[in-house]
Every structure is written in structure tokens, then in C-alpha cells.
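Please read the structure below before turning to the comments.
Just so it is clear, A, B, C and D label the chains in written order, and each chain counts residues from 1 on its own.
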Amino acid sequence: MAALTDPLSALQELNRKAGFNVWAGIEVLHAESGAVVIGMPWRIEAGQYTGFLHAGVIAALIDTACGYAAATQAGLSLLAVHFSVNCLRSASGERFEAHASVVKAGRNQFFTRCELYAFAGQGRSLVATGETLLNVVATS
Amino acid sequence: MAALTDPLSALQELNRKAGFNVWAGIEVLHAESGAVVIGMPWRIEAGQYTGFLHAGVIAALIDTACGYAAATQAGLSLLAVHFSVNCLRSASGERFEAHASVVKAGRNQFFTRCELYAFAGQGRSLVATGETLLNVVATS
Amino acid sequence: MAALTDPLSALQELNRKAGFNVWAGIEVLHAESGAVVIGMPWRIEAGQYTGFLHAGVIAALIDTACGYAAATQAGLSLLAVHFSVNCLRSASGERFEAHASVVKAGRNQFFTRCELYAFAGQGRSLVATGETLLNVVATS
Amino acid sequence: MAALTDPLSALQELNRKAGFNVWAGIEVLHAESGAVVIGMPWRIEAGQYTGFLHAGVIAALIDTACGYAAATQAGLSLLAVHFSVNCLRSASGERFEAHASVVKAGRNQFFTRCELYAFAGQGRSLVATGETLLNVVATS
């Protein structure tokens, strides 16, 4: 387990290797020890049938941001074991941001949490919250 | 709240209207009152950086299957309010299936659960479990 | 749905009617619109076999505090439908406090979250976090 | 990590050392590899203010049963890290039973699930479901 020395660059590079994140247009906007912000523009293929952001994409944003927040402190050898999402409001907007932070950094396990915001016009609203539990994986 | 009279056809039609599901290649394979099976082939854009199925796509499959299972009994006016996912094993395979069922059908709320299987060669393995709580939305 | 006019008194009175809360020595320490603090002293009957606070008592504190936080805004007609708990550290101490707040107040549903602290000597540590989803129950 | 050779006796002995379980009258009724049933009679001190079983006691039953189910395969060195509960119906009855089983037994982690039943007169109803994620703790 080793913290990332330049977390923003390291996560941006990692992010370019994740097929789903590239497809969805997910970008790493901010990273410091224990906290990360990622963003994504709206696109029709990210929607469910009523035109709101698909719960799977909501989960992808939350899970990705949580994993990146943990990675700033634990390095890249992490596996999500459990995550949950609260859908507070229908998620519609031109752009979305997930703000994640580390709640507890253990030797073997990281507890993280995240808020997902939708941006429409000048406004921002909290559309979902979530949390992810990650295991630190032993590397040889 | 009205059960779907021909759940398989109704859900397949609904599924074709969800941008994300069309993009991901999600198909409705089976539907009866209270139980649904959906499937999806592997594709590189559904992966995270190590080549396993992205947690967001896992969540999308589980959440979609759970919503469809509830819809067979409640109709289409449903909103997911909370869902959670357990990642039991790294999700890799040529194809994935999510098997969802209704645990409790309330007047205003449905509790559902789901198992996600990966198929590789001749074998099938349980890679994730999850559950979704849905609200029945009043329609005029 | 009606907010409590004097939330601290109303919740203290309600708390005295809950058999479990009286037995456990749970007290309402602070209440304002959307936020509540409850406390409880350690006792051997609240422990599991290694002498730490029992997960059930951790859940009771989190669920009670969350319900009370929602009640300050929604009144007493509330039902918990889902709750979850993260056990960050072994919960030992002389006294425990649960700090809960409302994340989203809907017409029919409240999303709440809670931090559980253990007090030992002069120190305080965060031992668990949790969240509760509550339905507002129609009253005649 | 070592499976219990006589799981029923070992868990009954362990159960007698947990202050909360003794107070609540929780008993281990059945235990085999990967599956456990525990029971508890109703008592007024286990109730919340409307006379239903307190969410904390619901959580205690689910978490205890899940932990015991994992212990049949992993031995007693286990720590719950996350658990969640779905409250399907108001929990009232003369007696309660929690039926837990192992979903996935890993080297370091156990995923478990549980159903909670209430018994009233001749009838039995499913009042809650839940799941617990447990870490296997290294012992020297």
C-alpha cells in the first residue's frame, strides 16, 4: 500500500485505461490525499427510458470516484467489495460531478463516501449519495 | 399500479427505449410475474482498467433487472430509491446474466433482489448480488 | 406531515415510551430541525462476547437517531424501510453518541445519515457510520 | 481460519458469553456448515414506542445469525464490517427467528444473508431481510 505521489496525473492516466470511463466521458477533475472529484457530460446513451441518468451510470460515477479517493492513499491495488446508492432526485442535467472522500483508511480496507451533483443552467443539485467499501489487495 | 399483461414483450419494448441498455446490449431474456432474467455480452467499453466488468455496469444490470422484476407486478411507474451491490468475485466472462425477483410487493414500495452470473466457456459463476428498493409512483 | 414545534421535548417524551431505549439508557441530548444527538452509557448487557458494543446496539443508536432527525421535520408518523451500518472500528468506550441529520426531506420519504462516536477518557473516536431511509406514513 | 467441529455446541457456548444476547434471550436453535437459525421471544424491552420489535433488535438478530453462519466455516475470529437491513413489515409476534446462510466464503471475507420471521399464533411471516459482510481476522 503506497499513496500516489502525483494523484491527479496518476488517476487521469488510470482513467484513460478504463474502457467504460472513456466511453462515458468520465474525467478526473481534482485529486488530493483522500478526496477526488470526477465529472461527466450528459449523453443520451447514459440515460434510462425516461431520459434521466441511468442508475448504472450513477453507480459508475460514485464507485469510480470512491475508488479514486481511496487510491490517493492506498495506491491502485484496490477492489470494491460493497457499494450502495441513494437516489435522492431524478438525475437530469447537462453535466454531473461526483465528489468522493475517504471516511476511514484502514490497513486492509477503505470506507469511502460520495455525493453526486447534477448541473443544469446555473444551478447545481444533489441527486444521489453513495458509499463504497474497498479492500486493499496484497501485491507481490 | 397494474401488472403487465404480457411482461416479456412489454419489458423488451421498454428496454429498447433506454439509451444505456441499447448501448450496452442488454436484452430481456425471461419475464414472469415477480421474476426477470436479463443478459448482456462482454465488450471492452463495459470494462474497468483491469479488464473486468465495471462496477457501474454490474450495478446497471442489477438495478435494471430488479426494476423489471418489480414492473411485472407494478407496471412501469417505478422509481429506484436505494440499491446496493456485493462484489463477490472479479466479474469476467463472455456473457452476463442478472436474475432478479420480488422479495416483497407493497402498495407503495417493492423490495427486490438479484444475482449476477458470469458465463465463461462451459461454466457459470455467481459474481455479484444486489438489491433494489423501488417506489411505486402515483400516476394520474 | 408536520414538523415538531418543540423537538427536544417531543423526542424525549417519545423516547420514554420505547421499551428498548429505556432499557438501554438511550437519552435525547440535542434536537433541532433536521439534526439530533442521542447518547447512551456503556453497560455489559449492551456488549457482544468480546466486550465491544453489540452490532445490534450500534444499529439501534443509529436507527433511533436517524428516525428522530427525520421526526423533527416530518412528525412522528415515520417508518424505517432500510438502514445500513459501517463498522469502522471496534466500538468500546464509557459512553456513545449518535449524531444524525437529514440528507433529503421528501414529501413521502426521508434520507438520513448518522455518525456514531465512542468516548473513552478524554478522547472521542468515530466508530461507525450509517444511514436510514424512512417513509412518511399517511395519518387520518 | 478453521471451521467449527461441533457448530451448534460451539455457538451456544459463545452465545452465552454475549451480554446482549443473554439479556435479549437469543438462543441458537440450529447450526450446520454455512447455515444457522437463532430465535428470540418477544419482550416489551425489545420494542420501540409503537410496540413493534425495535430496529436495533432486528439488526441484532440479523447480524448475530449472519456472524454465526460465517463462524461455522471460518471459526470465531470474525468482525462485521458492514450490514444492512430491509424492514418489509412491522415486526410484531410472540417469537422471532433469524435464518442466516453464507453466500460467499472467501479467504479473508464472508458474505452472508438472513431472513427474519415473526411467529404469531399459527402463522409465520417474513418481516425483514438483511446481509452482513464479515472480515476474517488473522490470529496468532
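One rule holds for everything that comes next: contacts are C-beta pairs under 8 Å (C-beta built on N, C-alpha and C of every residue); 3 or more make two chains touch, one makes a residue touch a chain.
Quick caveat: nothing in here was measured; it's all calculated off a predicted structure.
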Using only Cα atoms to place each chain's centre, name the chain farthest from chain D. A
A CA-based fit of chain C to chain D gives a rotation angle in degrees, as a multiple of 5, equal to 180
Interface with more contacting C-beta pairs, comparing A-D to A-B: A-B
Measuring from the mean C-alpha position of chain A to the mean C-alpha position of chain B, what distance in angstrom results? 21
Starting from the mean Cα coordinates of chain B and chain D, work out the distance between those two points in Å. 29
Could you work out how far the Cα centre of chain A sits from that of chain D, in whole Å? 33
What positions in chain A touch 2 or more of the other chains? 81-82, 84, 86, 133
Touching chain D in the complex: which residues of chain A? 81-82, 84, 108-109, 133, 135
Okay, in this complex, where on chain B does chain A touch? 14-15, 17-23, 43-49, 54-61, 63-64, 67, 79-87, 90
The residues of chain B that touch chain D in their complex are 84, 86, 88-89, 103-104, 111, 113, 126, 129, 131, 133
